[in-house]
Structures are given as C-alpha cells and as structure tokens.
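One structure follows; several queries about it will come next.
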Amino acid sequence: MTESVMIKDAVCSFCGCLCDDINVEVAEGKIQRVRHACRLGSSKIMGHSRMQTPMIRKDGVLQPASFDEAYRRAAEILLAAKKPLLYGWASTSCEAQKKGVLLAEEVGGVIDTTATVCHGPSVIGIEEKGLPGATLGQVKNRADTIVFWGCNPVEAHPRHSLRYSSNSCGRFTEQGRAGRKIVVVDVRETRTAKNADKFVRIDPGCDYEVISALRMLVAGKGDVIVDTVGGALKADLAALAEMLKAARFGAVFFGLGITHSKGRYKNIDNALSLVADLNQHTKFVIMPMRGHYNVGGAGQVLAWSSGYPMSVDYARGAPYFNPGETAACDLLGRADTDAALIVAADPVSNFPRETAAALSKIPVIQIDPYENPTTLLSDVVIPCAIAGVEVEGTAYRMDGLALRLRKMVDSSLPGDEQIIAEIIKNIRELRQKAEGGA
Amino acid sequence: MLATMISGRTLAQGARCESKMAPEFFKAAALCHLSENDIKELNINEGENVLLKSEFGQVVLAAKADSGLPQGMVFIPMGPWANMLVGKDTGGCGTPQFKGVAVDVAATDSPVRSIRDLFSDLGA
Amino acid sequence: MRTVKLSPRAAFSISVEAECITPDRFAPLSLSEIGAQPVWLGNRVMHLSELFMVEGDDCTATAGDVVIQLMGDFSRVKRVGEGMSAGSIEAWGSVGMHAGNNMKGGLFAISGNADDWLAREMRGGKIIVRGDAGNYVGSGYRGEKCGMRGGEIEISGRVGAFLGEHLCGGSIRVQGDAGDFPGAANQGGSIFIGGSTYLPGAEMSKGTITVKGEAKVLPSYQRTEVVELEGEAYQKYAGDLVDGGKGELFVRAL
Amino acid sequence: MKMIIKGGIVYDPANGIFGEEMDLCIDQGRVIEQAGGEVIDARGLLVMPGGVDAHSHIAGKKVNTGRIMRPDDSRLGTEPRSGVCRPSTGYTVPNCYAMGYRYARLGYTTAFEAATPILEARHTHEELAEIPIIDKGALTLFGNNWQVMECVRDKDIPKLAAYVAWGLRSARGYGVKIVNPGGGEAWGFGANVKSHRDNVPGFDVTPAEIIRGLAEANEMLRLPHSIHIHFNNLGKPGNYTTALETLELLKDIKPGRMRQVVHVAHMQFSAYGGTSWRDFESKAPAIADYFNTHSHATMDMGQLLFGSATTMTADAPLEYGNARLTHNKWSNHDIELEESSGVVPMIYFRKMLVNAVQWAIGLELALLVRDPWKTLMTTDHPNGSPFVNYPEVITLLMSRAKREAEMATLHEQLPNRTTLPVIEREMDWTEIAIMTRAAPARILGLTDKGHLGVGADGDVSIYSIRPEDVDAARDHALVKKALSSALYTIKGGVVVAKEGRILAAPEGRTYWVDATVPDADHDRLMPEIEDKFAKYYSVQLSNYAVQDAYLPSSRVIRAGLSVEPAKSARTLAEVA
C-alpha cells in the first residue's frame, strides 16, 4: 500500500454548512477515510458507484457513446429548441455555473436553479423586504437566543449546531449551549425540537398568521390577538415574544417548513419583517438554511451575470425574471419548454410527479456523476467528475461566504465546466455551419 | 382516514440521495411516518403498507411510527414517492406546495413500487 | 371605427409573446404592416402574420377608434394589450399572462379566462373578464413597492392568489372566490370579492377590501363594528395593525 | 497594436498639459514617443486620459445583495446581448457586464471597489474578474477588525502594520478602508459609537485611536494609497464637527510617500450642520476652509443627484436608520470579527428640502475647495447616484447657469441652508481633467494611470467637444451629451468604445498591494491570528486567503520593506 496523503481542512460539498475542517485520507488515488464530516458529508466524499461512459438514446434505448458524440448531440438538441430549460446548478462549482449562464445566452434558454423547489420563496421574500443577516461566525460569537423555524438541522445540517449555532462557543458565548436559549417552531416534534429549550407546535400552513401574532406581541399590541393562533396558544406566543426581546443577540434560522407551505414567500416576507421589528428592541438576524452546498453560489453567479438570482429567461436575448412564469416547475408544468439540460440535479425525483412527467415528452440532456431517475428519462447522459472532490472551484455557504473547493483525487472524467464549454463550442460550430451554409 | 402530508429531509434519505437507484435509498425514502394513534386507527402494524391518495396522485408506502407527529399528520421523506402526491401548481411563485397536502390514508396489501417501476409508465 | 381580427393559425405549445397587439401600435399601420409586427415564439422572433391570420379594415385610424378582436384561443399568447392607452380589445376566448399590463386607457374585454398577472401595474382603462383569472391580478412586478395605480378590473369568475398585491389605486371587483392573500400590501385601492378567500389585506396600510363570502382573517386585524353594505351586514375590521395600517376590511357577517 | 491620435486638444494636467494640440502615440498598450499604425483623427477635439473612479461600489457582497433584493432595478436598463457585448441590466445596481460597458462609454478605464471585508474578498474578486474592459482594485476594510483594535489598544504599530500587510495580501486588496470605525463592532450587539472619542464596547479603544493607528501603520508600510475614511456619524445632522476633529487628529502624521495621509470618502455625507432634519443645513464652507488651509487630506465629493439610488455601506447602523426613516426594504450583513454592512434602496426628491441641501453640499464642497487636486468627482456610486450620471455632475461644476436652472426646480428654502446660489466659480477642462483623471490616480498611487506621459498606460478618452469653440458654461446640454458617450474610448491601446458602441471587451487587470514587513513583527502577529481562527472564526485559517485562481490578470504593487522610504517627508503642498 503506497503511503497515504492526508488532505487537511478540505471543504465538504454536501450541504449549505460547507464545513471546511474536513480531513481526507487519500491512497492509491482513492479516498480511504473521511474525518470530521457528518454522515451526509462522508457519504458524499466517499462517493457511490458512478456512471462512466456517455450514453445517447437510440430507438428508445440509452446506448454507450463517445464524449464528442454526446457533446454534439446535446448541442443539436439545445440549438433546435425554441425555449430550452437549463436546470439544476446547485451541486456544482461557480465556475461551471458561469459557463451555464453563457450557454443560456447562446441558446436563448431559461436558466434556473434548484432554489425554485427549495428557498426560491425566500428569494422572493428578500425582494420584498431585504435580508437582515450576518455570517455564521457572528452567530457563533454572539447569539444567546436561536430560533429554528420550520427546519430540522439535526437531520439536514448535522454539524450546524456544533460549528455555528446551538452548541458553538465564541468570544461572547464561552458557555456554548448552556448559555443559550434554543427555540423550535414546527408542525411536528423533530429531533431538533427534542433538543430545544422551547418547542412551539403550530398547525401546517399557519406560519404567516403566527408570525403576524408574534409581530403584534413584540410591538406591545398583543391585546388584539385571540387566544389561539395557528394552533399555538397566545400565552406561548407571548412568552416567546418576550424571550426574543430579552435576547442580547438573536438569530432566526428558517427552512423548507415555511417555503414549501401555504403562503410560500409571504411567510418569509413576514419573518423578515418580524426580525426587522425585533431590531427596534435588540440585535436580531435571520438566515435561510440553504440545502445544496452551492445553491447559494448559483444565486450569486446568476445575480452578478444577469441581475437576478434564479429563473432567468434569456429567450429574447436579455435576462427576464419572473418566478411563477420563468421557473422550471412553471415551464414544465405548462409544457412551455421543448428541451432540458439537467446539471447536477434530479428533477424527476424532486419535482411533483406531473411536472417530472413533462420531461418524458421533451429531449433531456443530463450531466451528473450518478445514475438517478432523471437518467431514466434522459436522451443524452454525460457522466462528469465531482466538483469539490475531483475538481476544484468555488462554492458559497448558506450565509453567502465564498470558499475554495479542493480537488482531492483525480478523475478520468471531465468536470461540469469543461463539458458545458465543449457543448458551447459545438453550438458555435453548428451555428456557423448553418449560417455559412458550408 | 384524512390527514395532512408533509415531505422533508431525513438523515438516512440525505445520505443516500446521490445513489437513488440503490436499495438503501428505497429503504430510506419509501416510507410513510405516522403517529402511533393513526397507526392504531388504521389497525396495521409498523412496517405494513399504507395507500395514500391526494388530489394529484397516489402511492403505496411502508408505515413507520413517529412519536413526533401529531395525529392527522403524515411525513414522507422528500423524493419520488412523496412527490407522487404533490400537485404541479406553484401558486404563481415557481415553487410547488410540498407540505400541507390533503391526503386519504388507508391500509393496503399492495406492494411498494421500486424506483424504476415508479417511472416505468413514463417510458423509462 | 376600425376593426382588426386576429386568429391563431395553430395551437401553441411554447408560449408566444405579442406585446405589439395593442390599438396604439395597430392604429397607424396597414394590415400588411400589422402582419409584419414582431412577435416572439420562445427564442424565435417572427412576424405576427406567421402565427396569426390578420384580417379587418385596412384604413388607418386613431388608437381610440381601433377595435382588435382576438378570435380563438389566446391562452398561451402573453402581454397582449401591454401599455394600451385607448381603443379596445375583445378576446372571444382566453388570453395569456400579463394581458393588459401597464394599461393606461381603453377597454380590454375577455370572454374566456385570463392567465396570471392580468393588468399588472395598470394605470387606467378598464378590463372585463367573463371567465376566471389567474394569480397576481392587478399586482406589481417583483420587488416594486407599487403595483396597480388606477383603472378598473371586473372579473365574473374566480381568481388565483395575490390579487392586487401592492395595490396603490384603482378598483378590482371579483364575483367568485379569490385565492390566498388578496390585497397584500394594499396602499390605497379597493378590492371587492364576491366569494370566499384566505387572509386578505396582509400588511395593508390603506384602502378597502370587501369579502362577501368567508375569509380567514389575520390575528393582527381588529374587529370594529358591523356595517351594512348594499343591503348586507358586514363585520368591519381595522388593520393591518402589524405595521400601524389604516386599511378597512369588510367580511360578510354570517 | 500601434496607434496615433492626431491633433487632439489634450488635457494631461499631471504632465503640465492644459489643452495643447498634440499627437499621442500608443504601442503595446503604453504611451510612447512616436509610432505609426492606426490613425485616429481627433483634430480640435477634447482628449483626456481614461477616467479613473477612485470610490465606487462595483463588486462584492453588498453590490450583489443590491441586485438580488432589487429585481425592480435590474429590469431597468436592460439591453440584449449584441456584438461583443453580453446582456446588460440594472440602473443603480448594474450587472457586471453593464458595469464595464457603461464605464467604457463614459471614457472611464479604471474603477476601484470602495469596501471589501477580508473574509468576503473572494466574492469581490469573482465579480471584479467578471467586469470587462476596466482595470480595477478593491479597498480592504480594517476599521472594525478585532485584530486591528487589539493592536491599537496595545499601541503596537509595527504589529498592526504586519497585520495590515497580511490582511491586504489575504484579501488581495489595494488600500486601507476605514468605515465608521468602532461603530460596526458595536452594531454586533445593535449599538453604535456616538463619536470618534466614544469607547468601543468590549475593546477598550476609541475610533480616534483606531484611525490614527491605521494611518501610522499605512505610512509605516509606505502603501501607494493613504487611509481612505468614512467618518463616524456619517449622514447625521451636525456631523461636520466629527469630520473636522478627525482630520485634525491626523495633521502630524508623516506620509510614507508623496501624497496625502488621509483621503475622505464621499465628503458630502459628513458636511452636515443643524441639530435635526428640520434645521439641517450645509457646513461645506467650514469643511472647504479646512481643506484650503491644510494639505494632509484629500476628499471625494459623494455627489447626490435626484432620482433612484441604492445606498450600500459598511456603516450598518446608518443603513438601519435609513430603512426605518424611509420604510424601505433593508438588508444587513455583519461579518464576524471584521465589519458590518447594510443595503437600502433610496429615492432623492427635488421637493424634499433635505435632499435638495444634500445635492447642494456636494457641489459647494467641490467649488469652495480651491485646489482641484484635493477633490475627486464621485457620486459614491450607487449611494448618491449611479456613475452613468457623472456627466450631469461635471456640467453642474462647469456651468453656473445650469446650477441656477436646477435650483429653480428645488425646494424654495434651499438658499437659506447653503451658499451654493452665490457661488460663481465655473470649472474649466483642466480642473475637470484633474478631478476625474490626474488626482484620483495620484491619490490612489497609480503611477501608470490618469496621465498621458511616456510609459503611461495607453488609456485615452476622446469626446466630440471642441474645447476651443464650446463655452461649457453656456452649452452645458451639448457638453453633457458629448461626455455621456465618448467618441473614442481607448484602453491599453485598444479602441474599446466608439460613439457609445462597445467594439472590444478585453479583460481588465486587478491591482493589489504586496507589502513586506520585518519577520519579527510577522512572527509576533501570527500566533494571535491562529488563536482567533481556532476560537472565533467560522472558517479555517488555511481557507481564508484569496487564492491565485481568483486573479486571472493582476498587477502587484510592492510596498513595505521592498520600497525605500520617501526621501524627505514632503507634504502635498510642496509637491503641487
């Protein structure tokens, strides 16, 4: 066994925590062991069985093909489409995302990220109210009161509490967990709720009303409130309001519990106002628990390139943004797209059934390291190297902090960025050939 | 039995979501969490199958007891099985309503469909 | 009076964007010039006449004298009537998203249904829909403080969510039900809902919302007296108090 | 690519050329004695070096937050991709491509990002690299930094200098930016400092000490630029005393290079009198008097124009106040151990007395400070107004008639709150060339920029204005039109824009400063830094610094030990 190399302080590319203290042992070009990562991170870094060769569907069956054939076929599909959808992007590097924006411009397509089935509503809420936030280290060093609203970090962001929130220690929070009040507001008692000091159970779809009640209580106008709101007792909400006002530094972390429920972005809109109101009494910040490790980066890249963080329609040559019209689920749900490129995502699994079914009626190109249900409906499948493990690049943490992803091991497969660059090259060649008539 | 369905991340589902075609993902995601009382009301044992129907579709899943759930609420790990019950409408903001879906739950002895079978009717 | 008739040559799958279909744009143009107007089918720019049959009077006229008749299914044709200031459009069937957005005057009558963002950022004029309408009727654009500022919208059927969001002026009347959050951030328009709805007037600061059916009311609204409107008893609420709002909400007392 | 610009009326004040007809030759991107090659006919036309914007928010977290929270702004100014141009969007917060194209159309070829926290510099550099055409750099924030405050508290300037050098290298930054020193740290618990003498809670040090310590460290390192300061109490009525007292603090600091020892950012926002918004008035005369009688300080205007803006600053408590005052959407972003920041959309109204006075103060400052080398023309883009409105500011400075026409449309109380109505001065092309080219380059320490001497970068702007025939005071509308769309903009010897059309979009370079310090000071510093990463930061030390990959094209400026000290500590006065 050749001697192993220990990569220290590598960045984990699974969830929005983007933990950067991961140690990875590599020997014989393979990852042998992962230390400090949680179960999600180590499963990502250790990896799973991979697709190795490109495939193109012929006579209804996916058959092996060369990379060049796959690039060419992908280019043909995208060029022929009147409104291709370029979807995913959240689990690859910013460098690949930048090429994705260029591709969307070249083919006059719509580029959208997995945010539209995740924290898309949070973005729309921020467009209404702004985001009073901070970096995770500010919470670690100062927060004595933390609210987890509609999120379950114990299962979705396992190291969040130790590195950044409940159990973290900093300059003004030396006691760590003991010096903090942890509150969970959710429709069910999750494992995160079981560790909390206070659990407020509310009825599904009632987040907006409960937040409005809290805002009234925080503003001292509680007398208008009836005895229960959204399944929560007024007394519990009043106690919670007082606890929040008594904080020295409060932080609200919110998740898909409020973005996926009735009200969608209005829930976040109201939560942002609650935190803004609380700043008249004490210091409060709020932060979305972003799921995929680089959905934040996709939003940043799209914003500085097109002016908008998701759902950007380049069909008419200039970016146009309107979730509800230009989001992936709208286009597929209304059969308003005639080809799809899926990068580092699995919409066939993660979209509503009828939306996913629309993908079976149009040509689909998939770029992904792993086979998944989207592969079953794909016409061109291009296996790729894994960003953050086999390709270096940039990713943005849930608090918007940019970090450098390491390359831990080599891969014989091209990275997302390289694949998209090849597809763009083919598109330009095909276009020249068509225009030149040569 | 009428109930409200919510879908979401679990640790096991997350650890397997990049190898969805493997049996471990099936075990982690093809589940329906119910409160103890609801399991009693359906008079089934944990591990037996339930049929869930919503306005948009239906799916068969193995029942799992979850003490954190209130009566009348079921939880399904996010993924293809849960999304059989979710509607395509996004209410004008691009995001489907993955949580708070009205469902009817009944005991069944139909089998839980494998992930490949789930998509077989889509020409997969 | 000059009439121009448009009818789709085929059913559209990919949506069409046709903001050129307005009395203002057609008024000074001959039929062939109208036919040459650009429309977009996804990322392809085409002539109007390639996607629609263009018939009617060939003489030019002022915008106020132009009647555009949309024959057939326009449900996937977006931005029809954008920014129109005079004249009228009669849709015999349904119309697509953003119909009548930024309208300043004139009449837009729709016999069928209207899709989302009907009359977005409307300034003036009148829109009548005999069928249903989608989400965001008379609303603003993402991130804007002000949406509809004037004009009248009358809808016989039901509407989707976020009716009149960021309303700054003008009136909306809906006979049927309305989806979630009608009149959110209302700053001074009036909304009438004949059917039922859910959480009207979120963060309303001014203006009125009347709900003839049932409505779940926000906890930050204060019941005041019961009043009579058009012979019916309504419970009046003041709010949204969450931001010191001075709006009025009337929900029919059962 | 060789080029000769023939017969232009050249304004190159740094080389003593004030409107001389002459030819300019450029080869391989630099100005040379003579050359053949492409001929550009500039006979009788106004020719100046490429514009230099020394203070603008063009890249990084705050700018992108402005874009994300303002789709209502992004949809303005939308242009589809065409020719070499990718799509443009936005008015107050343009996308990266529009940033480069619009500066080029104005004849600007260099712009500096005004404020970057070290921890988030990677993001800033990703956006800087995406902005086409212009050369650029980023100022690095130090005013609320825990390590800085501890060094100042311990009065250990050499260790502070070592940290500033380490911070600049980690952030690949260009200069030391100080914003509401101490206030950002207090905002960590929702408070602020009341003045520059107020103690920073938890750190036992005052803003005055932070400012002075950083100024000394800056000069010890002989950095190309001086400290660049945003005063405490910015934006508050009566804050002009804070400005004057802070400037007075720095009077005796010896400059490490032949330049100012402090540059004041957007002076307008700190030249306020009165006790509240009701009796708010201009104190520009008092501020201008100080600049006229001292030579250790320079400033930039921070001019406000009516209409839409997006305020964004590392002064987070100021932005929270803005949001509450205007009921606008509010973004805040605290950065652990280093800084705070906020973003709030804003609209300035002609009929609001406060906005009218703010508008007047910017112009008053520029017109009352006699030496144009001390006053840069900026709008603190996009806080006062987007940079696309620079021609409006220039023509206001050049034409009293225009000022009077504008004042006639403003709040009628204006004359009681500002001396602008009685100011007759009208700037000429030499002064404008100084305030927008020569002075920003000198103040930043960019030796290759802002002038057309041999060896300078081949950055030239040519406008279809005949300086000899046009009376800028009378024909201000014509001048504004010509300045808004340069006839030619040449960047590094390449014609990048012609009559408003972008012809080429080469990649610009990013300037950053590599200052070397004595090993002993560095070695004393590092244990304290390692301790902070072990205990307080949420990232590992090894992942902190910006990697080479983020600077595809850079120009490193040496400083510290690798630069011998200025022979005699001459102040600006002796140089001018």
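Order as written gives the chain letters A, B, C and D; numbering starts at 1 within each chain.
Here, a residue touches a chain if its C-beta (ideal position, glycine included) is under 8 Å from a C-beta of that chain, and two chains touch if they have at least 3 such contacts.
From a predicted model like this one, the values you see are computed outputs, not experimental measurements.
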item	value
A-D against C-D, pair bridged by the larger set of C-beta contacts	A-D
Core chain by centroid distance, with centroids computed from Cα atoms only	A
Separation of mean Cα positions, chain D and chain A [Å, integer]	35
Chain C and chain D, separation of their C-alpha mean positions in angstrom	46
Chain A-chain B separation of Cα centroids, rounded to whole Å	22
Distance between the centres, which are taken as Cα means, of chain D and chain B, whole angstrom	56
Overlap residues in chain C, where contacts from two or more other chains coincide	116, 135-136, 141-143, 180
Numbers and ranges of chain A residues touching at least 2 other chains	124, 127-128, 262, 314, 316-317, 321, 323-324
Per-residue overlap in chain D, given as positions that touch at least 2 other chains	69-72, 75, 329
Overall pattern in which the protein chains touch one another (line/ring/star/complete/other)	other
Every chain pair meeting the contact rule	A-B, A-C, A-D, B-C, C-D
Chain A residues within the chain D interface of the complex	8-9, 11, 20-21, 94, 98, 102, 105, 123, 126-138, 140-142, 163-164, 169-172, 248-249, 276, 279-280, 282-283, 285, 299-301, 303-309, 314, 316-321, 392, 394, 396, 400-404
Complex interface listing, chain A residues touching chain C	81-83, 107-109, 124, 127-128, 208-209, 212-213, 215-216, 219, 221, 224-226, 229, 262-263, 266, 270, 273, 314-317, 321-325, 334-338
Residues of chain C that touch chain B when the two form their complex	116, 134-136, 160-162, 179-180
Contact footprint of chain C on chain B as seen in their complex	91-92
Contact footprint of chain A on chain C as seen in their complex	13-15, 17, 40-45, 76, 97, 116-117, 135-136, 141-143, 180-181, 184-185, 199, 202-203, 216, 218-222, 240-243
